[in-house]
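Okay, structure first, notes after.
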Amino acid sequence: MIPRLLYLPASIGLALLVLPLAGLLLKVDWPALPALLLSPEALQPLGLSLVTASVSTLLCLLLGVPLAVVIARSQPRAAGLLRALVTVPLVLPPLVGGIALLSLLGRGGVLGNTLELAGLRIPFTTAAVVIAQTFVALPFLVIAVEGALRTAGIRYERVAATLGAGRGTVFALITLPLVGPGLLAGTVLSFARALGEFGATALFAGNHVGVTRTMPLAIYTAFNGSGVTTDQAVALSLLLIAVAVIILVLVGTRRASVLS
Amino acid sequence: MTATLRQDVTALLAANLQLTRGGFTLDVQLTLAPGEVLALLGPNGSGKSTVLDLLAGLATPDTGTVTLGGATLTAPGRLVAPENRAIGLLGQEPLLFPHLSARANVAFALRVGEAQLNAASARVQADRWLDRVGLAGLGSNLPGALSGGQQQRVALARALAAGPRVLLLDEPMAALDAETAPFIRQLIREQLAETGTSAIIVTHDIVDAVVLADRVAVLHHGALIDEGTTAAVLAAPQNPFVAALAGVNLVVGTAQDGAVVAPDGRTFWVRPADAAALSPATPAREAPGSGTPAPAAPAPVAAVFRPASVVVHTERPHHASPRNVWSARVRSIEPGTGGVRLRTSGDPEVIAELTPAAVADLGLQVGSTVWLSVKATDVSAYRR
Amino acid sequence: APSNTSNTSNTDEPTGQGLASQTLSVYAAASLTGAFDELATLLEHENPAFDVQVTYDGSSTLATQIAAGAPADVFASADQKNMQPLGDEALVGPATLFAGNTLRIAVAPGNPLKIETLKDLVRPGVITVLCAVQVPCGAASASLLAKAGVALSPASEEQNVTAVVTKIAGGEADAGLVYATDVAANPDRIQGVTPAGADAVVGHYPIAVVADSAHAEAAQAFVDLVLSPAGQAVLAAHGFLAP
Amino acid sequence: MIPRLLYLPASIGLALLVLPLAGLLLKVDWPALPALLLSPEALQPLGLSLVTASVSTLLCLLLGVPLAVVIARSQPRAAGLLRALVTVPLVLPPLVGGIALLSLLGRGGVLGNTLELAGLRIPFTTAAVVIAQTFVALPFLVIAVEGALRTAGIRYERVAATLGAGRGTVFALITLPLVGPGLLAGTVLSFARALGEFGATALFAGNHVGVTRTMPLAIYTAFNGSGVTTDQAVALSLLLIAVAVIILVLVGTRRASVLS
Amino acid sequence: MTATLRQDVTALLAANLQLTRGGFTLDVQLTLAPGEVLALLGPNGSGKSTVLDLLAGLATPDTGTVTLGGATLTAPGRLVAPENRAIGLLGQEPLLFPHLSARANVAFALRVGEAQLNAASARVQADRWLDRVGLAGLGSNLPGALSGGQQQRVALARALAAGPRVLLLDEPMAALDAETAPFIRQLIREQLAETGTSAIIVTHDIVDAVVLADRVAVLHHGALIDEGTTAAVLAAPQNPFVAALAGVNLVVGTAQDGAVVAPDGRTFWVRPADAAALSPATPAREAPGSGTPAPAAPAPVAAVFRPASVVVHTERPHHASPRNVWSARVRSIEPGTGGVRLRTSGDPEVIAELTPAAVADLGLQVGSTVWLSVKATDVSAYRR
């Protein structure tokens, strides 16, 4: 059922996404790779990245799914406005996201001052990493799930209601399963975005080994380290990509089996 | 409206609904007594599904109210959510939850509906329901792996299993096969009677109305044009739709000397017993919405006769006893279950039913000019 | 209080002796990477109680973070511009200049295009990249080019000197102006050409203890090490000039 | 039909996305703002950003929609793999994206060498900006449209085929309009992402006034220039956000009216 | 299969299809002559919609072929795309394109189908089609703003407008109201005849088969169990489904001395003309799939009689002439359109139809024990 004409642009699109990654492979110093990948400089940021990205994704689900429901079920005008608000963080250059978070939660920030009085300091902690990642990843989840909710429509929810099911039951047993594919897509997108997050984290959370140095920051550090070639940065990137591909393929296959 | 006011005191469900959607306007008053089953009939697009949506709380009327057992469900500024109405709705499409098996679809209703069963007993009961609608063994199939009629049966089982106080069924028998339909009809009948559930059933099949309903209401262009027992409504069709449903010819015209004059001028003499009723002085059976007719206007009257009562001749019958004789052209000839049906020209068209042998003998073809006759004693009449 | 802090901790006190094990956080400009890594090791060696963590980034990023309350103990900037506002707000103690840096023309190893002077940078066909004037190396480059009377429109104004090095090492650009220390740090990837008048344009690096520092004494110890002859020798080995 | 319980997390989610932006507003030097925003330093990058992001979005549509169709109509296994490949660029820290593009299209890159021989040089040109933006924005479009295609299903396409419609006709008259909302969501996402793109652009395209200095690069440059005060960077960010919000709301409203 | 082979030479469409889906197995051979209209009947889930999907190219059989006018459409390793088959399909759901108005839905078929009209004339013709299905004035409505029956009519207009060589209609009359149905049936009939289109019509309404089809085929559990002219098939039902469709009682049993013995032992004497045919030597009307019966086995035979022929007594009739008399319990009493229908116990159950007055006179209730009789001359019989 695929118009033959589409295969050409589809191939170009795929090539545009995949070939640069293949290009990276050519830059890898293969003999030195194994030692580097097993060094604490590689494994510690990787661990931190996986943990923070997972927590962020969870937060995205907890906050984003409800937000998506509210938007999807709002009047068109309100939904349009909410959707625009949710999309704005996407437009922010990563650095600006960091400035914005600092200006809210940093010393001198509106909320930051209050928190400081309560003895809580968020910036430059692992919590800051999670917040920065959630901030940048949340829009993906919301937009993806909202789209799925809208496409799924409310026909089945209405049927469930006429059978006597309360809203919570309908949400858990009907709505969520029906938007399963969209939810999974949104989760994948936001996990990927959280895993790759660099800009806002760099400014808002800093770059402290073991605390806030996630994989992207480790790559940045390796890249900026004078005297070090880009080799290390490329190797670390490769590691990040490999882990991401494994996770994505695992999820993708599970998703496929759910759908089929 | 008279009919509504008459029943309000004993009504379980009472509704007064106004709604405009584009060029379509709905204005309906109806009531349902406890345990009563009402068949809601009407042509396509007359607003039947819309009425059910309004009753179930899936749509909001522009103005109007819905009350159930005295409690207000719908009113200006108030809309009790569908899940809190105890009104079930089986819509025109089965809409089985696509991610749940047939069994799980029914079990869902048993868990969230009146029964509030736990997961395990809901599964067991669901299988019993599937058995009752003739789907034993298909419980594990997802809706996508069920045929259209099988889906319809699961949806029906699900709606019945929810156990609401009032059940709204929108063409519940559509898509069912001829062998199954009577059993399912019987199942609905028994289930409603056993549980004392009131119901409104939308259908295009007069058999459903006859078997299932205590009363019928006919909707036309968003307004109720007729209401009463099935027999009464079918005996005196108020419009061509009801006549078609009853399978009779209907001539609406003006009264003249105990006969009915059709719009095209044909005069239909009617049986003596009814001829008197055509005189303006005698009050007719009151149709809902008719109110008190203005006495000055010529009262509209109707004549009704069965297609089988119409005799077809190729020449003008001189010696025959029928007083009603006219000529017409054959518009179409179709086989029917009761013989061959001839549709003949005129305003209104008249349908004659005769045997295939007669059609052959008379050499009838589409376009033939024929003479038709019907005995006055076969024509009943009434004021509208 | 900040002005006192630097005075109370003295070099002649046994450095860090008797202090509990503590982690010292140094925020340093990216160009200091090699030198400060060595100095950190040196301090830890001198005083095993110290664990020195150096965070490298652009000076403006680091300054912004310190202003927002980052847990830094020492700040070493690549220019005065980023140190000044922190001092004005009393977020850091008094700043001391501890190193200088000069510019080099960076070219591909072997200098295939034979670029010897600043004027060669405007030769047709030569792709030159510079730091943006907003960052320290860019400001220095602008000043050097102005003094030499060369009007140059670079192919790109990079956000930091590492990007300039990367572009030249990767072959995207033929030449660019980088710090002498960058040339020293990347001997295999780029080659330096000293332009005439380079010594006249010196970038100055200030260092200061952060006012909020929880480890003020250790912080001062690090600053002192940087300023000590041993520290200066390390910096010189990485191509830095004396302040 | 919205379970009441969802309003709390939804509000928190919205607050997380919106409050940091509000925090930014507090950092603005309002009196100096109008002059700054009307200066060429602000308007030129804005113009360049809008032009390049629009072109990138167009490219995303041309390449991404076909790719999404191919994935959506593939066997589950193949689709899972393709989807994972398409998602990987999301994981890349922006810097690595830049390195990857350079290693492919740079002077020493695999394709770059060939192009160089043909007299084509991509880095440091506006074309490089567009390529970098397309590279990072394309996954969003593909994932969003693929999800919509999958949810829409092929029922209507099958009906159209039984009426005699060829694949191209079905695609243009049935498939595309049916996934309209998903397509619009994907377009919005990829436009937003392209507009905010900084990392890959900075490395791959460089930062040349009028040629490759897009708004995010201008913001970063300004940030480096003004340091701690961040005034100018914030002002420029504000301009970017304002333009983005206007575009998003306009599109969102149009979208709402399409849907209603 | 004999029927298939017989017709292969003149067949326009010929199909031999095998498919297994979960527990359901389909194995069907069928042919369609040029201009022929075949009614495909069968209970829910018997595989009717599946057959149409396989013919239209929307599904692939496990094995088998489909040929149209000699060209192979489906074969191992070959599947001509639906759009290149010239076979139209109106599915069981209307599936109007939700983003296109009613007019645009029909116009789509006129543009991409046989007619290949340009946009402007497609719009004009589409409005004509909407007029023909009684929807003039609703052309601009989106499908969401149409009632169920209105949607069905648009879908039908769209399918007819595409002008395929073979048209497959899956319950095209479902959801239509009683007044409209005859007109739409007539429209389908005329359109197919005018354009010489061959068609297969799936329906649960025997009227559709009688009015529209030249021939009927009965599908049961994925296999064709009967085939022939409507009259022939209804006269000698091969199984309870067909009997239900024909509205008759069917007793399948073994032949004994010119009578039919039911599974529960009741003996049904049949009319003399048919009694001879029950003897094993006489060849019966050959049912498709029956092949040559093994001569040793007792040949299954069937007796058929109308519900109205069954007489109900409260005591054993001694003096009555009918030779067939038996007692049973009343299982259910339902109103029907032809009177009141009594379902009575036994294997098989027997339905009796009598007037409401008779029910009242006899004091019948569910559970009553009654005596039933039917005259041998009212019972026809045949070998299966």
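Just a few scattered comments:
To keep things simple, chains are lettered A, B, C, D and E as they appear, and every chain counts its residues starting from 1.
Here is the rule we go by: contacts are C-beta pairs under 8 Å (C-beta built on N, C-alpha and C of every residue); 3 or more make two chains touch, one makes a residue touch a chain.
Just so it is clear, the model here is predicted, and its values are computed rather than measured.
By the document's definition of touch, common neighbours of chain C and chain D comprise A.
Centroids built from CA atoms put chain C at 34 Å from chain A. A straight line joining the Cα centres of chain C and chain E is 89 Å long. The mean-CA centres of chain B and chain E are about 24 angstrom from one another, to the nearest whole unit. Across the assembly, chain B contributes no residue that touches 2 or more other chains.
Shown for chain D are the residues in touch with two or more other chains, namely 102, 161, 167, 170, 220, 223, 230. In chain C, the residues that reach two or more other chains under the touch definition are 64, 67, 166, 170.
Of all possible chain pairs, those that touch are A-B, A-C, A-D, B-E, C-D, D-E. Residue ranges on chain D touching chain A, taken from their complex, read 1-10, 12-14, 16-24, 26-27, 62-67, 69-70, 73, 76-77, 79-97, 99-105, 109-111, 131, 134-135, 138-140, 142-144, 146-148, 150-152, 154, 157, 161, 167-168, 170-171, 181-182, 185, 188-189, 192-193, 195-199, 215-216, 219-220, 223, 230, 233-234, 237, 240-241, 244-245, 248-249, 252-253, 255-257, 259-260. Only residues 155-156, 158-167, 169-170, 173-174, 177-178, 180 of chain A touch chain B when the two sit together in their complex. Of all residues in chain B, those touching chain A in their complex are 56-58, 81-83, 86-89, 91, 95, 97-99, 108-109, 112-114, 158-159, 162, 164.
Contact residues of chain D toward chain C in the complex are 102, 106-108, 123-124, 202-203, 205-209, 212-213, 217, 220-230. Every residue of chain C that touches chain D in the complex is listed here, in rising order: 58-60, 63-64, 67, 81-82, 85-86, 127, 129, 132-135, 154-159, 163, 166-167, 170-172.
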